[in-house]
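Two complexes are shown next, each including chain A; its partner changes from chain B in the first to chain C in the second.
Presenting the complex of A and B:
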């Protein structure tokens, strides 16, 4: 399959769900997509096209939460990123771990650092933060504030 | 001088603890072992277990998850133990001072004897730091007599 065939295939298959399609360069394509169809997108990319799931990344965009699912197709040297936008007050999305085992840890990381709830994740607990980290405090959110009163934030020099 | 202190000063064994560092200080510490700097001429050997150590060398900004583990390593160490903090991160957390995961510097968790500043410090500075600690102990023993 050539580059055009793959991109046209995605366009045809998810015509109703794609809100923006930006063909940035020869090696980089961003596709904005509705978060309800993310499981179908991943099934299509892995099984039909044969892409490799690279990584997912989460961003707090202040008005909404963004998750980008990056796929690599090595045969034609391209990275395709699917961007989903979800409600910031109640961030919930279907987990892709039942489809891709490798997405388990990145979803756990996004859960603890950004507070995104992944529905259907088999083991949604802390990955990187310490055990005594308080519940409901998410350090990578834009409105994060210092919660630890014992923390020292000066170098001891006047 | 007791036989224990004499053995410690003659040949201090060094245990290396990385508390969430970027590996740059660790690489400089490994450079000390190479023939160019050769810390073995001071009798120093890098060893794999804290239970055999005389010197505890700490690198890296202290992360929240690492704090209980540092305390555990310090408790396991045989006394007397010299603690050497290497690099700006251990001393004052450097650029990670406002990080949510680095609440306190190393010397608020365990007592530190020698500070080696730098990002990363040169191998010469690390060797000078450890030898200074040895001299300090030697002098304090002489004064007692």
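Presenting the complex of A and C:
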């Protein structure tokens, strides 16, 4: 399949759910999509197109939470990033770990660092932070303040 | 049969970095395994949000002591991706310098792995030999960049330092010597009956496992998954030199070793070609402001694809900087590789994916004049003794 065929295939398949389709450059495509269909998107990308799941990156955009799911298709040299936006006050989305084993760790990481809840994740424990890390404190959120205080105290500056 | 849980780590003599594994065993067989990571979590992604775009290049260089140029390289490609096409054109000479630094790093990183693999197997000869040659590569780095590690060569829009002609001549000479050594170690490592007995069929990772977990780099290539960012999405000067991707089909630790040894030899070829083709000219595009937008940079680090995502809001700091190191995808495959194997193979299977170790201590030099009474073996003597011992083992194990 050529580049156009793959992109048109995605457009046709998820016509109603795509809110923005940005063909940024030859090698990069960003697609804004409704978070409800994320599992179908992953299934389509992995099984029908044969793309490789790179990683997901969660971002606190202050008014909402964003997650980008990056996929590489080696044979046409392109990275397609699906962007979903979810409610920041109650960030919840379907887990994709049952579909791709490789997503287990990154979802655990986003859960502890950004406070996103992944529904249906088999093992949503802490990955990087210690077990006694306080509940409800998320270091990668934009309003996280504890870091600065601790850093100054650790250096012995009053 | 009753089950026993054997902990490895977080601090263990066989690990260079803190990681905690729990092996659930029935007798000698591993029936389940759990990993606990995060002991090295330093919050670099958060730290990077507090630094300017230029400073972040050096922050990410500190992520790993072994592949210290992979993260800055992925990062600068990521920032260059934010620019519109044609706004940030990296000069030709800088592309070659980036390639040379990245490939030399691959050589020293893989040599380090070959040495450690020997060490984990109790075959310390391989360890000493590989690390002796790795030392040569670090010296080359010192000659070219001024540093043995953390070279600080990458910069958005180019590189920070040029190579002098006098230093390149010396490096090419050293590389030719290294190639001779590699031919020898390839033969010594791959024909060795002990290593074959220990590594073949151990910790097998199938191609399907690699695809499920998104495994990368030599780990994936040893299982027949033919992916390599250098070829699939050519960056730097990889499309200007001729080279090939090394793959194996077996997926065991032996195949991983073969892939890495082939890659070292291929990397030496790439570096020599780059030195010969490198044009003269500027090394920096003099980029000033980073525009609004988002970018992705991915490069082939020694352990696999290194992936960076940065979002810029037009200020001098990134809003979000996501770093995905290759081990993040490779390490979860331990579940498939470990279960069903014996405890004695656990360490080499875990080492097989080359988890990122940070150990670059300098070697102590012992003055040979102070040990006059003892027999000092020359390199040739040692090779002879090593050959004799291999033959002896071959005879005893009755393999040809």
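The rule we apply is simple: the second predicted complex is superposed on the first by the 146 of 158 C-alpha atoms of A that agree within 3 Å, B and C clash if a C-alpha of one lies under 4 Å from a C-alpha of the other, contacts with A are read in each partner's own complex, and residues count from 1 in each chain.
In this section, a residue touches a chain if its C-beta (ideal position, glycine included) is under 8 Å from a C-beta of that chain, and two chains touch if they have at least 3 such contacts.
It should be emphasised that the depicted structure is a prediction, and the values quoted were computed from it without experimental measurement.
Of the two partner chains placed by the overlay, only chain C lies in contact with A:53; chain B stays clear of it. Chain A has more of its residues touched by C than by the other of chain B and chain C. Legend: residue contacts after superposition of the two complexes on their common chain; A:133 is shown touching chain B, with no touch to chain C. Shared-chain residue A:100: touches chain C; no touch with chain B. Applying the stated touch rule to the two superposed structures, the overlap between the chain B and chain C interfaces on chain A comprises residues 128-130, 139, 144. Taken together, the chain B residues at the contact with chain A in this complex read 63-65, 67, 92, 97-98, 100-101, 103-105, 108. By the touch rule above, chain C contacts chain A in their complex via residues 37-38, 41, 43, 45-46, 81, 85, 211-215, 227, 232-233, 294, 296, 298, 305, 307, 309, 311, 319-320, 322, 324, 328-329, 332. Here chain A touches chain B in the complex through residues 128-130, 132-133, 139, 144, 146, 148, 150-156, going by the rule given at the top. Within the complex formed with chain C, the residues of chain A that make contact are 25, 27-28, 30, 52-55, 57, 59-60, 68, 70, 72, 74, 77, 79, 81, 100-102, 104-106, 126-130, 139-140, 144, 147.
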